[in-house]
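A, B and C label the chains in the order they appear, each numbered from 1.
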Amino acid sequence: MSLITSGRVVGLGVLAVICGAIYYYMYQAQQGNLANIRRLPQVDAIDELIARCVEMNRELWFIPGGGVMTNAFVLPGILSVFGILSYVTQRCAEFGAKIHCPTRNPIGYNIQYEIMREAYEAAGKPEEFDPLETIVYFPGGAMRPYIVQGAHSRKPAAAILLGAYYHQTIIFCEALQRCGAMTLGGTDTTHNIPFMVAANNYSLIGEEMYAMSAYLSKDPVLGSTLAGQDIGKYLAIAITILGVLLSAAGMPFADWLVI
Amino acid sequence: MSGKTIWRRALDLDHRIIATGIFLIITYMILSPIEIPFPVSSYGQQYYDFVTEVPAGTTVGFMMGDTVATKPQLKPSTTITMWMLYEKNCKIVYWYDKVEAVGLMNEYIAVVDEMSSRELVYGVDYIDLGFIAGTETGAVAFLENIRGVTGGVDVNGDPIDSFPIMEGVNGGGDFAYGIANCGCECTEPMYIRQWGMPYGTELATINCAMDLPAITLYLATGQLRATANGLLGSAEFEYLTGRLGLAFGQILAVSFAGLYFVILVVLGNVFYFIDRSQGGN
Amino acid sequence: MSDEMYKSTIPFWIITILGALTIVEYFFPFIGNIVGGPLEMLRTYSTILAGAAYGIGTALLVANHGRRIVRRTMAPHWAFSIVFFVSIIVTVGVMLIGGQTGPQAQWVFDYILAPSGQCLYSTTAFFISTAGYRIFRFRNLDATVLLCSGLLILVSVLPLFTGPFPFFVPMAMWLNNVPVVAGYRAFVMGTSFGSIGLGLRIMLQKHPEALG
């Protein structure tokens, strides 16, 4: 029996390098050497959306994406949305904007409920958290008519749509845009990125959502882990360039990657 | 400058008028179809070749993740695939990762039973192992140990060891060929990761057209052998097998709806830029 | 045992231990031989937990709609909460009487659930046509490239265009097989690295929001 499962040696090496890099940057941040992380422009967009809601005295809708937490495919997106929800709810509570969170995730509902309640408490306004209205659970099919009708009748001033979105993307975005809302959309799933980018005023694509979650946590150690992820990308670029050159030279580079 | 330009008024057209337009076009084309040429794409041909390639008598794993929403576009390719496999005396082991597929399963089997030249026998030609919760984790557990996850029983509660079709079948590696109807949830990469790659199963998917960009990567590397891509894939499959039906009829209506959409995009932009050039915002 | 212990510390240690074991089992077969059996059992149990999610969803709906009826909130919409209770009682009732795949349950599925679901899904067509008219603009270079490639892909899958103008097909195939594949590969790699980073942060207990 081999030490490492056949076909997974390179994968193990890449994983070890990435985890090592992330841990290295985390350690350096704990020692006070923070990595230089570019500020995401969408962070300012969140403040802009909240300010718009306060000025217009209308709601901000935070619409997490679909998928249940038992689905490992969408779980990273769902977890990163929790971090952003905490920040947005606290900011809304601080500035007096009313936030409404319709969610499709039955297990996530409980976590989101606690996150929002604690955010209101942290802002010193626990009485403003309405357990029936601030966050509401809808099964998947019911969400569509609720968003469309709700956008028409309640006219939110702004909306944040983050998570795994499927065909509902264009329905939600179009309904919200039509009622005059300014929107920030983000997804880490591949199939509705074009609609997210085209139909929203601001967008987060792919890992920008995870980065946003780390950034908004205000923990510089977490922010530094983003630098570790970039090491993985440099590694991927190096392997790609090396692979192109070696394959052009006739070497079986693809076979080497599956040893 | 007061008042709206005619272009701004056109841009502010009530959305119900736009929606009525698409409704009328689709309805008219369904009620009064016209003949148009129908070229078959490489995806459709590739999927047809894949199903044809499955050797006679093979036991095929079939993950039926269809939903009521995607039934109109994916039912034709699903039922014709099932029919083609049965005509070659293949045996199919079904399971599903979506709750709605429970209700659809009976309907699809009934349709294929009518199409088939022989009577299909449960437990010999096919077996239904029911809904497997947990999406990716559930799929991993199921493909590792079918009897462990199902409790050794099928969807009706009967012991699966009593059915000849399950002899020697207890995991993903026991299927040389597999088909995953992924609906519109984009779970194709998941089945490639957890079924095709670890167990070496030759995999094809039946999925919405929306998922195509995400799975083109895997088609390019050969990790996925073929895809029946949405309504067009269903229509092509009907055309290639000579069983013209609902998908083929719908594709005409969808084609004209697509033309209407292109016209709307172009007109919307024309009106927008003219309005802007005349001082509108 | 303190609140923080069972709400935060224990769950995080469960995540860390099981996550690490799952990763290690994937790469090292000798470890897989030791812990593979228990981990396989845990994965099997996870399907039970996943099934429970549907029960949680139903319980949430019952609690929420019940509260709306009791408090008469959002008048007159609370009346629709009664419709919810009637529907759930009828559906559960027919399944208890005739079985979950019996003729009565199949009737409810075929004539109520399926048409409603298809109707809701088909509204996508109306929204996308309105979006095409109002939202998709050739505002800048990025939007122009996006729209042009989107329209090209659209016409390449419709026989109305590919029949009389077959040149759309190789153009769209090139677009699908070269820039789209390249872009999606980079995207998938980026999200994968992000997932690894997120997973590591959670396993190192640096991401408390994961548990609320």
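We adopt the following convention: a residue touches a chain if its C-beta (ideal position, glycine included) is under 8 Å from a C-beta of that chain, and two chains touch if they have at least 3 such contacts.
Being a predicted model, the structure only gives us computed values, none of them experimental.
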item: Pair joined by the larger number of C-beta contacts - A-B, A-C; value: A-C
item: Centre-most chain [mean C-alpha coordinates]; value: C
item: Whole-Å gap between the CA centroids of chain A and chain C; value: 14
item: Whole-Å separation of chain centres (CA-atom averages), chain A against chain B; value: 28
item: For chain C, residues contacting two or more additional chains; value: 46, 49-50, 53-54, 117, 120-121, 128, 130, 134, 136, 147, 184, 188
item: Per-residue multi-chain contacts in chain B, two or more chains; value: 15, 133-135, 137-138, 189, 213-214
item: Two or more partner chains touched - positions in chain A; value: 68, 70, 167, 178, 190
item: Complex interface listing, chain A residues touching chain B; value: 68, 70-73, 166-167, 178, 189-192
item: List of chain C residues in touch with chain A within their complex; value: 23, 26-30, 32, 46, 49-50, 53-54, 56-57, 60-61, 64, 67-68, 71, 73, 116-117, 120-121, 123-124, 127-128, 130-131, 134-136, 143, 146-147, 150, 184, 187-191, 193-202, 204, 206-207, 209-212
item: Contact footprint of chain C on chain A as seen in their complex; value: 1-5, 8, 11-12, 15, 18-19, 22-23, 26, 68-70, 76, 79-80, 82-83, 86, 106-107, 109-115, 118, 132-133, 136-137, 139, 141, 144-145, 148, 167, 170-171, 173-175, 177-178, 188, 190, 193-195, 197-199, 205-207, 209-211, 213-214, 217, 219, 221-222, 225-226, 228-229, 232-233, 236
item: Contacting residues of chain B [partner chain C, same complex]; value: 11, 13, 15, 18-19, 21-23, 26, 36-39, 41-42, 67-72, 99-100, 102-103, 106-107, 132-135, 137-138, 140-142, 144-145, 148-149, 155-156, 189, 209, 212-214, 216-217, 220, 229-230, 232, 235, 251-252, 254-262, 264-265, 267-269, 272-273
item: Chain C residues touching chain B - in the complex, by the definition given at the top; value: 40-41, 43-44, 46-51, 53-54, 100-101, 105-106, 109-110, 113-114, 117-118, 120-121, 125-126, 128-130, 132-134, 136-138, 147, 151, 154-155, 157-164, 166, 169, 173, 176-177, 180-181, 184-185, 188
